[in-house]
Structure formats: structure tokens, C-alpha cells
Amino acid sequence: MNRAPLIFLGIFFTLAFSWTGIVLSNQLSYGKLQPITDETENKSYPELLPGLAAQGKLVYQDLGCIYCHSQQVRRPGFGADDKRGWGDRQSVARDYIREGRVLLGTMRTGPDLRNIGARQTSRDWHMLHLYDPQITSKGSIMAPFPFLFEKHKIVGQSSPKAIKLPAPYTAEAGYEIVPTPRAEALVAYLQSLKDTYAYPETKNVFVEPIAGTKKENQK
Amino acid sequence: MSAGEPRETNPKIEQAGASDESIQQVHSILLREKPEPTESKLPMPLFMLGFISAMVLTVAIYFVHNSGGFSPMVYDERFDPKNAPGSTQEVKADPVAQGKKLYASVCAACHQPTGAGVASVYPPLAKSEWVNGTEEHVIRILLNGLTGPVKVAGANFNSTMPVIGPGGYNFTDEKIAYVLTYVRQEWGNNAPPVTPDKVKEIRTQAAAGRSTPWTAAELEAIK
Amino acid sequence: MATAPSLVASFDPTSSPDLVKRAELSEIDASTKIPVLFFLCSAVLWLLVGTAFALISSFKLHTPSFLGDIEWLTFGRARTAHLNSVIYGWSVNAAFAVAFWLMARLSRSVLRHSGLLMIAGAFWNIGVTIGIVGILAGDSTSIEWLEIPPYATPLLFVAYAFVGAWALITFRFGKSGHIYVSQWYLLAALFWFPWLYSVAQIMLILEPARGTVQALVNWWFAHNVLGLWFTPIGLAAAYYFIPKVLGKPIHSYYLSVLGFWSLALFYNWAGVHHLIGGPVPAWVISAGIAASFMMAIPVVVVGINHHMTMVGNFSALKYSPTLRFIVFGAVSYTITSLIGSVMADRQVSEVVHFTHFTVAHAHQGMYAFFTMVMFGSIYYILPRILLKEWPSAMLISVHFWTVSVGITVYVVALSIGGIKQGLEMNNADIPFLQVVANTIPYLLSRSMSGILITIGHLAFAVNFTWMLLRPRAAQKTAPTLFRTPPEMEVVR
């Protein structure tokens, strides 16, 4: 192989071929994917993130949550995602078409978060968990995020936003622990994560033939 | 190597040769190096051809078999859009479930979630002879509204029901059919469901062009 | 080897064609000295930085309270800083150094315009530094392997533009007719990398693609950085140094051709295996799996080529540091790639995807293969550009044994731990926190192996610095080997 131009052509072609097949073809076919307007509920799915949750997504990125948490549910029967309550159907492409940055993740050092908003609705639980995961989940290896909270002197009444930490984390008398706006936003984002709508393509699932039916008997 | 090129004495080597020891250094590194690598022209072992063919065959079969018909809407590799029964049909919507959602969003404000209405103001739908009666009446009421005195379950009412169909809440034929089907089986009511086709038939034929609300008397004249 | 000529005869460059070639090589080496040294020094510094972040991240994973209050070092940022410093700091700088030195030697032409490469190196290192500081500050893009914030990436582009310009000029001046296998890989790598990086930047950051097409772009990009940038450079080095150190030709030119083109064709498509079970069309996942299976072809081919070249000469591993590191790397390449092909099977992926097994696999590729090959290359290159020998064979030995044992413990511990984690995660009867608790012993083993590896890196850095600083005069003339081979008992 001594002709550099030919080598160059081959090198170029192999890259172009994979880009066209993997990226371009899907970018084109995804163009047909539109949000679905559900006439009964008068909403369109997938939903856009409300403002505070959109800010919370930036906090999620800033702190690198993606490196321990995935956001994609595998189909029932492939892994135990459905049995663990992480989702009752496989995540489909349409679930993500409104996201500016898709954060699928590739590690499950912690649980999948795609439907955490449906699974864990308590703001207080999230606040305690973020302050120090050991409070709600003993033995967790998740990082603590005390810097998402501030200690305030109680002036007059205590703030309704203050979180009630158990011993030994409780603030000393006269002080309270209040989440920063970043914490509020992050929790709003987590609470917004739910993919419950049943798009038509979620029915494209292989169904085992039932024993004793005609197909079985013909074998 | 282009052997024909003239080569003058390399000044760098002469510079490097400034001291005896560095000559030794340069030369020993150079000298002990083996020649630049080359490739021998031994042929490919035959088993490679067999190995490659076997790989290509098995992997190609795997690929084609697990691609969900190459459809961009298939995320389960075992699913084949061509073979699966009924896969191209939309699963039918459940009219009662849909009707319930619609009722909650539009009708419950006046007729109440219990279907009991508000005394003297909004008629009840529960056990109403109008709801349980002919669909010719209820469909017209939703399409064009109802005004004036009307007797429902022994009580008198006199207000105006707004248009639920086109021109008012803009319910489609399906939505009108679903909500009517729902109320006609809820709260002890027991009347047959209403189909979208029937709503369409009344809207485009019998009641076509009607722009004013019906009165109870006009409806009672229709059988 | 030929008998040593007399000193006077060897002074005259025209005394034998063999010596003419060697004099030429010496000239070429001298011309590469400044830029290669610059990239190697940068690489070693980044290696130490990356190793520090590695230790911090590893400790945090089993002891989350470790430095837990420091926002800048929170795991999500420390781990990302580790990845970017070892990839874009250590690995790319080492890759540049080795690639430029090999290109110059193999094109049989003096490296000219080294100023272009120096400017490139400066921009690159500044860009990566700003990028990593940005990541620690919280500006990571959260796109895997592309986390460097957008304010730093233009510097990387400028750097590569200079590299590209230099590459075009240099290859034009190449004298040799025959293009050796390493050169195909180097040319391919130098061409592929900027395209991958540019497309990724455009389709993920500038004009983000639609929904999970982003994931497809992400993993087409990231896996191809492994397969079309680092792997070719690692293979180019192995294809050069194994026959070079042994003085034997590569076993089969035809296998080399097959290996190169099958790698180019299949590696490109394999990246989708990162998305098995994910929200992308089933057909493209199957295509990625198919390509991952087919990768067995180039891997087996390259393995045969290297093995058959080594056959009969394994005793050289007793002596040559270069060969030992490179062969360790080449064997790791074969093993890790074959494991990769197996991991792509859906049934296997069902267990190991999302687990520590994938971390073990990634480190087997980037460390046990690529980094070890870079170490071996550096052990060969540095004496030739500095015209000095490595000061301490003991430090080389410490380096080799700590990192080879270290990475082996790392890969084995996390592989076993990962499989266990995956099997348990797929059993919904086992509470999630229990699954996590069961991984802790393996995470601890990884931290221990990390300490071993750190010692090795320190030994290497000390030896490296010592060699740079020591004057040329106080030298022995024999190479620094693990032990003295029989034919070298008498120093010439």
C-alpha cells in the first residue's frame, strides 16, 4: 500500500460511512418524531421543563450527577428496571426530543433517575438526601452536597424553606439550614423527571406467543 | 532509501564529535540499534479466510434478525413490524375513560362531579330522563346548547347551557360521543353509548345550519 | 549485529551504507528533539495531575465523606477532571510526541518547522488546563469525553490546526517510496481525530442534534477517539518497536493490510454498543453490536502478526524495558478488545452495562494497552533524542512492576465486582443499597491498585527528570536494561 491518496480516500470513506449510517440517517428519521398533543388532556408530550426545573438541570450537569446515574429505562425483561420501579416501559426516542442536552448516562452506581419524579415526590426527602445521603440511605456511596445549603441565623420566625435535619446534623439553637436556590432548582428538576405517556411506538414490543395457540400448535 | 542522493558530511555528527566521549555516545546508540523495521511477505494463513467468512456470515444473520425491521420507531430488537398482529392498528381509546376526563375538565364545574347539579340553577345528570332518553336530544344539546325552561327529574330549571360542540367549547364528534357515553352509564344512569358517527350525522344533516340553542319544547317534538 | 567498526572508520559517514542510514537517523532524531521533548514533559506532568485526580476519585467512591465538603472536588467533577487530564493531557501529549518522532523516522526526513508543533503544544496545554479548571468550577458540559467547556475548546482547535499544517508539509517531503504499516495508522489517526472532535462539537454543543441522536453522536465520537485515534497510534508504536528492538521483520505484510482496513471499517460502527437497551432504534444498536463482533478480525490479525514476530525471541523481554512495556500493551490490546466484542452481546450487556465492569474495560484499554505502549515508546525515544541513557534501571523496574501489577489488580477486581454488581442489580429482590454495599471491597481494591500505580508513576517521573537534568558527559555507553544480555557483556 504505497499510494497515499488511495489510503487517504479509504480513511475518509470509512469515517463518512459510519457517520452517515449512525448519525445522519437517524437525525433524518427523528425529524418525523414530533411531540404528541393529547386532545383529552390538552397537553403535549413530552412536556417542556418548567423554568426552575430547567435551571436545576444545569445544576445536575455542573455537579456531574450523570457519572453515577443513568436516565434511560430498559425494556421489561431486559435487566430488572421495571421490577425495581424505575419505569414500566422502555424509554423511547420521543421521550427526549425536547431536551436541549440529553443526559442518558452510562453508569448505575446509583439508581436510574428517569422516573424519579414519579417514584419520589417528597421535596424534603430530596433535600435531606442531598445534604448527606447517609441520612436517608445509610451505606450509600453518593457524595454529600452540604455546599448546596446555607446556615442562617433565625431572625424572628424560622424560614418555611428550612430543612429539618436529624441529629447529629441539626443546626445549633438559633440557626437553621436553608437550601440555596441551586438546591431548590435541582430538586425541582428531579421532581420533573417522569416519562409516563404511552406513545404509539411504545406498543412496538415483542410479545411471546401464548402456549397452546394456533401458532404454537403448528410447530 | 534514495541511494543516489549526494550526501555531504553531516555537520551535526562533526559537532557531536567534539569530545571523544560523546562520539562514543552517539555511535554506540546508533550502532546498537537494529535496522529500521520491515515487513515480510508471508501469506495470510488459510484459516483466516475461513474465520473471516464464518464471522461475516454469522454476524450478518444476527444483524438482520435483530433490527426490528429497520424501523426507526422500534426499540425492541425482537419486534418485527411486519409479523406482529395488529401492530399497525391504533389501540382503540376507551370512551368511558376519555369521557370521564372530558367531563371533569368542562362539565363538572356546573353539573358537579357527582352529576347532581345545583338546585334551581344547573340540572342534575344523575337519573335524568333527558340523559337516559334518546340520543337525538342529548347530542343536539351539546351541539347547539339549551335555553329556556326545562323540567329535569321533577325540578324546574331556566338557564342557558353553552355550546359544547363547534362554535363553543369546540369538542369534536369523538369528544361529544365520549362524554355522552360516560354520563349515560355513570351515577346509576343506564343508557346505550353514543357513537361519533351518530354525532356527525346529526351535526351535518338533521341539525346542520342550526346556530341558536334548542328549547325543551323543540327537542320534545323530535323523536 | 555486525562487529563494531573501528572508531576512525565509523567517523566517516560514507564508510558503509548501513552507517549512512544510521547517521541519517541520528540527524532525524536530533531534529525532533525540541518538540518531542516538549510534548513528553507536558505528558509526564499531566500524568501526575491525572493520577492525583484518580486517587481522589477512587477514594471518594468508597468513602464519600473524603474531602466531601469541598465543592471543587465533588466526585462528579473530580472524576471528570481525572478523565480529561489523562486523556487530553497525558495521552494526547504522549501520542503527539510518539507520533511525530515515528513519522519523522519513518518518512526518513528531518523534522522541519518544529516551531509549528511547539505553538500547537502550547495552545493544546493551555486549552486543556483552562478546560480542567473550568470542569472543577462546575462548567462541565456533562457530555462524556467532551466535558471541556466551550470557552476552552477553540484553543484545542487552534492547536490542532497547527498540527495539521505541519503534518501536510512533512509528509510532502517524505523520501521513502514504501509506506510502512505504522505510517498508515499514524496518518489515519491524525486525519480522523479532528473530524471526530469537530463533528461532536457541532452536533452536541453548537447545534445540538435532536433528542437521543445526541447520544448516538456522543458515542460515535467517544468510542472512535479510542478506536481511531489512540488505538492506531498505539498499534503504530507496537508495529515499529517490536520489530525494531528484535531486529526481525513483521510477520506478514498482508495481515497488516487486512488488520488496518478491517479496523477502519468496523471500529467506526462499534461505538453504538454504549447504548445497548437504550432509547435509540433497535437496528442501529444491532449494527453497533455487529461491528463490535467483527472487530475480532483486526484484533486477531494484529495479535497474530505481533505474536509471530515475537516467537523465538521472548527471552528479549528479560532485558529490554521498551519491549516489555510494549508487549504488555500489545497483549492487553488483544485481551481487552476480545472482551469488548463479548461485552457487546446483548445477554452479556444486560449484566455488565452500567457497572464497574465497563470501568475496568476502559482502563484495560487506555492504560494496560495504550499507556503501557506509550511508556515503552518513551523508554526507547528519550535516549535517542537526548543522547543520554536512563539513569536508573532500578527505577524502571519499580515502574514496570508497580504499574503492571497495579493495573492487573485494577482490572481483575473491578471486572469481578462489576459482574457481581450487574447480576445483583438485575435481581429486584436485592435492595439497591445492598448491591452498592457489595461493591465496596472491589472499590477498595481499586484504590490499593491506584496507590501502586501512583508509586510507579512517581518512579517514572523521577527517572525522567533525572535523565533530563543530568549532564551528558557522566554517561555509560551501554543502554539501561533490566539486566545485561549475554552478547553485551563486553562494553564496546
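So that you can tell them apart, the chains are marked A, B and C in the order they are listed, and the count of residues begins at 1 in each.
Quick note on the criterion: a residue touches a chain if its C-beta (ideal position, glycine included) is under 8 Å from a C-beta of that chain, and two chains touch if they have at least 3 such contacts.
Nothing here was measured: the structure is a model prediction, and the numbers come from that model.
The chain with its Cα centroid farthest from the Cα centroid of subunit C is B. More C-beta pairs touch across one of A-B and A-C than the other; that pair is A-C. Chain geometry summary: the mean Cα position of subunit B and that of subunit C are 45 Å apart.
If each chain is reduced to the centroid of its CA atoms, subunit A and subunit B end up 19 Å from each other.
In whole angstrom, the spacing between the mean C-alpha positions of subunit A and subunit C is 33. Counting partners per residue, subunit C has 279-281, 287, 346 as the residues that reach two or more other chains. Along subunit B, residues 68, 71-76, 79 each make contact with two or more other chains. Within subunit A, contacts with two or more other chains are made by residues 26, 29-30, 75, 90, 92-93. For subunit C in complex with subunit B, the residues that touch the partner chain are 1, 4, 7, 10-11, 13-14, 17-23, 25-27, 30, 105-106, 108, 175-176, 180-182, 239-240, 242-247, 249-256, 258, 279-283, 285-287, 289-290, 293-294, 296-297, 300-301, 304, 346, 383-384, 387-388, 472-473, 475, 477-479, 492.
Interface of subunit A with subunit C (complex): residues 1-2, 4, 7-8, 10-12, 14-15, 17-19, 21-23, 25-27, 29-31, 33, 60-68, 70, 72, 74-75, 78-80, 83-84, 90-104, 106-111, 133, 137-147.
On subunit C, the positions that touch subunit A within their shared complex are 60-62, 64-65, 68-69, 71, 74-77, 79-80, 138-144, 171, 177-179, 184, 187-188, 191-192, 195-196, 199, 203, 208-217, 220, 224, 228, 257, 260-261, 264-265, 268-269, 271-272, 274-275, 277-281, 284, 287-288, 346, 350, 353-356, 358-359, 425-428, 432-433, 436-437, 440, 443. By the touch criterion stated above, subunit B contacts subunit A in their complex at residues 68, 71-76, 78-81, 84, 87, 90-91, 98, 101-102, 105, 172, 175. The residues of subunit B lying in touch with subunit C in their complex are 1-3, 7, 9-10, 12-13, 16-17, 19, 21-45, 48, 51-52, 55-56, 58-60, 62-63, 66-77, 79.
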